[in-house]
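Okay, so here's the structure we're looking at.
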Amino acid sequence: MKQYINELQPGVKVNSVFALAKKQLIPFRDPSKGKFLSLVIADKTGQIEAKLWDGAEEIAAGLAEEDLIQVEGAVSEYRGSNQITIEKVSPAAAGKWQPEDFLPAGKDKQLLLDELRQLVASLNNEHLKTLLANWFSDKDFLQQYLTCPAAKKVHHACIGGLAEHSLEVCSYAVQVAKNYSKINRDVVLVGALLHDIGKIMEYRYQTSIAVTDSGKLFGHPVLGWDMIAERIGMQPDFPAPLADHLKHIILTHHGQLEWGAPVLPQTPEAMTVFYCDLLSGRIRQVFDIIQQDEDDELWTRYDRLISRAIYRGYKED
Amino acid sequence: MKQYINELQPGVKVNSVFALAKKQLIPFRDPSKGKFLSLVIADKTGQIEAKLWDGAEEIAAGLAEEDLIQVEGAVSEYRGSNQITIEKVSPAAAGKWQPEDFLPAGKDKQLLLDELRQLVASLNNEHLKTLLANWFSDKDFLQQYLTCPAAKKVHHACIGGLAEHSLEVCSYAVQVAKNYSKINRDVVLVGALLHDIGKIMEYRYQTSIAVTDSGKLFGHPVLGWDMIAERIGMQPDFPAPLADHLKHIILTHHGQLEWGAPVLPQTPEAMTVFYCDLLSGRIRQVFDIIQQDEDDELWTRYDRLISRAIYRGYKED
Amino acid sequence: MKQYINELQPGVKVNSVFALAKKQLIPFRDPSKGKFLSLVIADKTGQIEAKLWDGAEEIAAGLAEEDLIQVEGAVSEYRGSNQITIEKVSPAAAGKWQPEDFLPAGKDKQLLLDELRQLVASLNNEHLKTLLANWFSDKDFLQQYLTCPAAKKVHHACIGGLAEHSLEVCSYAVQVAKNYSKINRDVVLVGALLHDIGKIMEYRYQTSIAVTDSGKLFGHPVLGWDMIAERIGMQPDFPAPLADHLKHIILTHHGQLEWGAPVLPQTPEAMTVFYCDLLSGRIRQVFDIIQQDEDDELWTRYDRLISRAIYRGYKED
Amino acid sequence: MKQYINELQPGVKVNSVFALAKKQLIPFRDPSKGKFLSLVIADKTGQIEAKLWDGAEEIAAGLAEEDLIQVEGAVSEYRGSNQITIEKVSPAAAGKWQPEDFLPAGKDKQLLLDELRQLVASLNNEHLKTLLANWFSDKDFLQQYLTCPAAKKVHHACIGGLAEHSLEVCSYAVQVAKNYSKINRDVVLVGALLHDIGKIMEYRYQTSIAVTDSGKLFGHPVLGWDMIAERIGMQPDFPAPLADHLKHIILTHHGQLEWGAPVLPQTPEAMTVFYCDLLSGRIRQVFDIIQQDEDDELWTRYDRLISRAIYRGYKED
Amino acid sequence: MKQYINELQPGVKVNSVFALAKKQLIPFRDPSKGKFLSLVIADKTGQIEAKLWDGAEEIAAGLAEEDLIQVEGAVSEYRGSNQITIEKVSPAAAGKWQPEDFLPAGKDKQLLLDELRQLVASLNNEHLKTLLANWFSDKDFLQQYLTCPAAKKVHHACIGGLAEHSLEVCSYAVQVAKNYSKINRDVVLVGALLHDIGKIMEYRYQTSIAVTDSGKLFGHPVLGWDMIAERIGMQPDFPAPLADHLKHIILTHHGQLEWGAPVLPQTPEAMTVFYCDLLSGRIRQVFDIIQQDEDDELWTRYDRLISRAIYRGYKED
Amino acid sequence: MKQYINELQPGVKVNSVFALAKKQLIPFRDPSKGKFLSLVIADKTGQIEAKLWDGAEEIAAGLAEEDLIQVEGAVSEYRGSNQITIEKVSPAAAGKWQPEDFLPAGKDKQLLLDELRQLVASLNNEHLKTLLANWFSDKDFLQQYLTCPAAKKVHHACIGGLAEHSLEVCSYAVQVAKNYSKINRDVVLVGALLHDIGKIMEYRYQTSIAVTDSGKLFGHPVLGWDMIAERIGMQPDFPAPLADHLKHIILTHHGQLEWGAPVLPQTPEAMTVFYCDLLSGRIRQVFDIIQQDEDDELWTRYDRLISRAIYRGYKED
């Protein structure tokens, strides 16, 4: 069974899977003794240092940062912090761990799937229905859609964050469509559902959420634009203007040039996805700040990203 | 019956009520002849020049810009434009006109009232229920709430625009409350409903939408903050922190300092009202641009305020 | 007599009043021993840690952060810093301390009062004279006006800072009025005198300068606007346009939207108060930087807020 | 032979090809007479109005804006301007016109081709050599590359502008590669050569330079990214990291988010293409302003885009 | 005696000096008749067109824009405007005009001189006293200092504007020195007095205010820096650090990089000059807007430069 | 022989010249023992602490920060870091050290000189040739030109950096001149060569690169403007407009007001120098970041100044 880092106490024996966050070979003071291995290992509850004193160099060669590793050893205290003295360490065997051990869990996957199906079922446009039906019938893709986080940190940075966030954006877009009958409901909903689809290629998130090289070099709006273009390319009768509209929504959902939209959103549907995305992201961010703030005082700590502290304020009795 | 300006043709006799947009006494070339009166009169369909040649100075003294006036005369053509030669002009009698002749009509007032009542009925907090019940039971105030426009130009610049826009913001806030159970639903809804309440003091809108001196000198967020403080002052047991929270939402709903919020929104509810307000305003603005664009081409004209043209794009067959 | 923190040496006995800056109950390593009390206590000369080992939990319940407390104990050295081992601690009795022990003193109160009286005496407008005469005849208010600081840190962050700063702004406005005869001297002076009046509600400053909830949620321009509206409300014959003008000056004295003015200053008097306030604040800030810079070298340290170091430069022999 | 608009004089007979810039059917004052056709026709020397009085509606149906049309008629003067009274108008036959009649000519095509070949010949990387060899061996593509303009207005807005500008950017990149031996010369040169390749899809430029729908909805950096990805897809052994690097250069060549780069350039080569592109574009823009400024005075008129007038200044005797 | 343009009426004979604002030779419709001369001539009250029909080309050769010219002719009306039919035109003889005919007059020169002398007399630092005494004893320089305007348009754009504005800045700096005893009073006053001295080289202002080539290419802060350096160079014992300080004040008085200060002001004295300059310029600008606004309504027209209309507001009865 | 700091090991005897980076006299815990001397000494390989226990106060008086000092003593380890216990310390004798010990070396001086001579030889304008010939024939100046760094940190912060950077800017300007025949080649080249000449007065760089008071108070563009004006003043027949043009280039080479250009560049030559300077500076900066990044991983660390990490990416096999 998984042993969580925040529960380790001095004296405890450890035998569990952890993510290898940092690996260093450090020379002993007496250089003739060679090097020891200093690791930082992590799971979703925190980080801890771990040291391997013997045979470090050989063992180190078999471990890579971001790997999952099986660690055996014992916890002790050193200069006021806990650390593990490793007896044995090796790459973790499959089946010995699950993503939920390393990344915060989000909303229940079945709930997300139900919402997703309901939303797809509500569409009328045959081209768009086919697009989604085909795409989501690809099990791997569906799995990725339901597992990928929506961010490294700021908001929805958890397993399933992408789907949860996208469905939340859809929920606002549905309301916009109720208020504005002239909007193309199907286009805006599919746009909302897929706006962040490029994040599947932008993030690696087995044991921690990291940005891929493609993510850094191109960004998820362009990656998503490309993924959708490829899928649409498999539907020969997909109307070109509809394809352009959908791709435009994905490409421009950051809404402003300085936020990474290469061109401005230029349709009511693209602007709706932008403002609903903004609403979803910012509100979630605020609730994350409130939740992560340990004290339960009237004001949270000052948060740099949003340049303010949050007032918990009045509570109903 | 109202004669609309865009229907006046040379040769037609005019006898109808118009708004006095501009009034000028102009000397005849032969100064010994005194001055004639040159008016610009308006209704919601446009503007037209009107001239009064005889006895102008005395009559002019009885007319003020922004007044409604009863104009009798005849239409003729002059240098390629129509103009009215006035025979008789006087302040308009009450009952001879209605606001809808001068300002674009918005959503049906009864529909707005129904929505408003439904929303108020959905609240649970007794203090907030009492606040709204008392305030809206003031007939004059209710009338103002249902008649006031939400803007001079940009969006919801029509009779009833304030209520329509506020209820639209509520509709998004309701959805946020469904997604985030920790939000204080009653506070966010009352905040959304009242966020623009200061516009009742910011605008004059009998015959055209104009900004009052108070509106220019203080702005509607501060005016609204004050109106709500005054109403809350009538409820002696209204909890101070609840009052502060509600006032904070009203004061900060422009969301960013450079957009006129004197301080940043600092609660989830205040941020929700800001982002829902943004969503409502911007989407309505886009649809107004599309509607006002006379041609029905693929792209609207370039709009300066939003720095782009809008793509009408793909349409379902 | 007050014992100042920067004078405490290992071995000294302490029995004095301090401000309680931070209070924590920390479990002993051996949890069966319960918790000890770890305080940070402060006065205007600095901070020091203080520990109470016995009966901590009960005693802690009677102490709140920001309180003034009477501390008895002894100073020792621990890991290179001084700390106090507490023998006895309790809320401070009134009369045992004075604000000047905790906040830097500013200009002499009598001098401020004289300047204030002189300025009020120089007014001609009866409405404004009455407004000030009545308001300052309220002893509590006068005391607050003469005690409140003008800032948490940046400039005039001392007892009496508000009055000193306001009178300085007046001194520049008087000069503007000499240069521009068309300016309304009385309006601009009263505006200058009261522009920061909202800080009385924005700051708490018994033992340290802190921002109140009202201060954070509304900001002092809006709070001041409201205070003045309330006072003017007590003068039934106060001309409405004069009231509007004065309130406009208070509301807009930050001068630019991005600096927290909800609307721009729109009268010569409002713009004068803004630019004189800027002049006063910035010059004082520079002299504070120079004074707080310990070395007396040619250049002060780089100051982040003003993005520069200050050159002490040339000195008269 | 082409008759140029800036040479038409009252009394002249016209029979030549023009671009149809604007087409309007306008009712006669006497509506029973139906409508006449009012055109604005253009070539690279200017615009002129043209009227067709008889049978306008039927003829209008056969003409579309941006078409080339054969116009027969006579020039007369009307209210101080020249206009054409049309006798006959029809779509222009192929072979009766050439692009140079409508768009300003740029650098000689053969010179461009020679430079291009020289540059390609200077490459060493086999993958990149093959990429360019294959692509430019496509005659249509080569023709487009050598004909497409580089802008609608600002700089290199002429036939062949794309190639001229790209080769100029290459010339600076060559120099950077001489100064920095660590730069990947081949990558930076191919990046420079292809950085604006998406403009082939962004512009329509038969008779005037216009932006396509794709151009507006996606922008040329993304379109170019996609074109290159597609070409690379035809080379199965093209190394993925090389492909990523090249695509990154294309995507980010606007250099800053607010200028339309969806992500920042993150390699020395991508930054080199950005700064060389900037250098080329801005210097050309200045020389265009100088050339278009009709007077030959010391200072050109103030140019809004670059917020300054240009000083022609000192000239060698 | 000077005939002012705003007093010219049809039928009047003209024989007066005007500034030649614009000169054009225009071909007659019948090109065989050659060209006529179309002038725009100006004085401080406005502009008027003037035409010379005969012998225009020869006469035109003797006239240059910005020259003062003696115009003889008669006023007539043409298309609703007055214009002059010229009988004779030639360069104006010296003594026939004075600057005050062409540029708005500012404060009385003697008053300015008195204030200047008083200020110089109040200095204590011998080096600075000598600097000013020597410089102002140069009659030409003194004359320029007392005549030069302070701007082309925005504020103090009148004869003597430079001196008036500089003395106004001094008046605020004097007040700062009263409030802050640590300021170097002499340095800040001389800095204030000379901060805009470069405008003497930046402006040409015989008949209208124009910017010189040096003004455009270097700007008055750098020109002033250089002028002062040159004068100080004539005082061999002038202390270098004092010289640096003074030059720094002149160079940085625009206060922020984006306003044209090449480096930030880095002494209390330099910052004082900046903020006092800002105060003087902005308040004067507002009063100029109020004065130039023809109507005397509650609000002036919207002014683009300051992005607002000005409220004339409350007036004492 | 120079002992480098990064090679010192515990136990080693030291006797070498170092730069004195920081000097502090610190009281012993037992104040009766007086003070010891705590130094930070530096060379181009790093910094180390050094302590002198005996006779510190007298010795300290003879040492100034930024001096070069001869240090004798021994290295030991203290709390995990090396430090030197000083036996003897005194100002360094001339001839015992060379600049290259303290500042990173740049390009070979002879190479720079050759390039410089070649460039000067390529000029045609006699005035400019004379200017450069005379100036560079001043040995001291030539030495400074070839030794001065181009920056404190960001780019070309090494001995000879100024010349290397200036010649690099020239190399791009040469290419611009090849592309644009209308550019004044001689002016742009001399401008490029001298654009940063003011850095000779802006930096002190004997043992570390520091900014002089003049550098801080005026900045190198203004200092360079002045140096060139002075040199040109020695050539009586130097054409004034050519002088203005050259001075304008120097003054405006930062290109934008917010980057420290007091006015915008207003000639093609000034804009060319600006954009070529930008190109040179930014590309060098990126290669410096890559080089200073210790690991040789795919991505460098995030660099704050350019707000990105650099991708080392694809490498030719």
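Note that the chains take the letters A, B, C, D, E and F in the order they are written out, and that residue 1 is the start of every chain.
Following the convention adopted for this analysis, a residue touches a chain if its C-beta (ideal position, glycine included) is under 8 Å from a C-beta of that chain, and two chains touch if they have at least 3 such contacts.
Here the structure is a predicted model, which is why all the values come from computation and not from measurement.
Undergrad: Using the touch definition from the top, list the chains contacting both chain B and chain C.
TA: Looking at chain C and chain B together, the chains touching each of them are A, E.
Undergrad: Which chains lie in contact with each of chain B and chain E?
TA: C, D
Undergrad: What's the farthest chain from chain D if centres are computed as the mean of the Cα atoms?
TA: C
Undergrad: Using only Cα atoms to place each chain's centre, name the chain farthest from chain F.
TA: Farthest from chain F by mean C-alpha position: B.
Undergrad: At the place where copies chain D and chain F touch, is the share of residue numbers found on both sides over half (same) or under half (different)?
TA: Homomeric contact, same residues on both sides for the most part.
Undergrad: On a C-alpha centroid basis, what's the spacing between chain D and chain E, in Å?
TA: Going by mean C-alpha positions, chain D sits 45 Å from chain E.
Undergrad: Check each residue of chain F and list the ones that touch at least two other chains.
TA: Those would be 213, 216-217, 244, 248, 266, 309, 311.
Undergrad: Looking at the whole structure, which two-chain pairs count as touching?
TA: A-B, A-C, A-D, A-F, B-C, B-D, B-E, C-E, C-F, D-E, D-F, E-F
Undergrad: Considering the complex alone, what residue numbers of chain E touch chain F?
TA: By the definition above, chain E touches chain F via 213-214, 216-219, 221-222, 225-226, 229, 244, 247-248, 251, 257-263, 266.
Undergrad: Per the contact definition, I'd like the list of chain C residues that touch chain F in the complex.
TA: 298-299, 309, 311
Undergrad: For the complex, give me every residue of chain E touching chain D.
TA: Interface residues on chain E, with respect to chain D: 213, 216-217.
Undergrad: Mind pulling up the chain B residues that touch chain A in the complex?
TA: Listed in rising order, the residues are 125, 168, 171-172, 174-176, 178-180, 182, 184, 187, 239, 241-242, 244-245, 248, 264, 266-268, 271-272, 275-276, 278-280, 282-284, 286-287, 290, 307-316.
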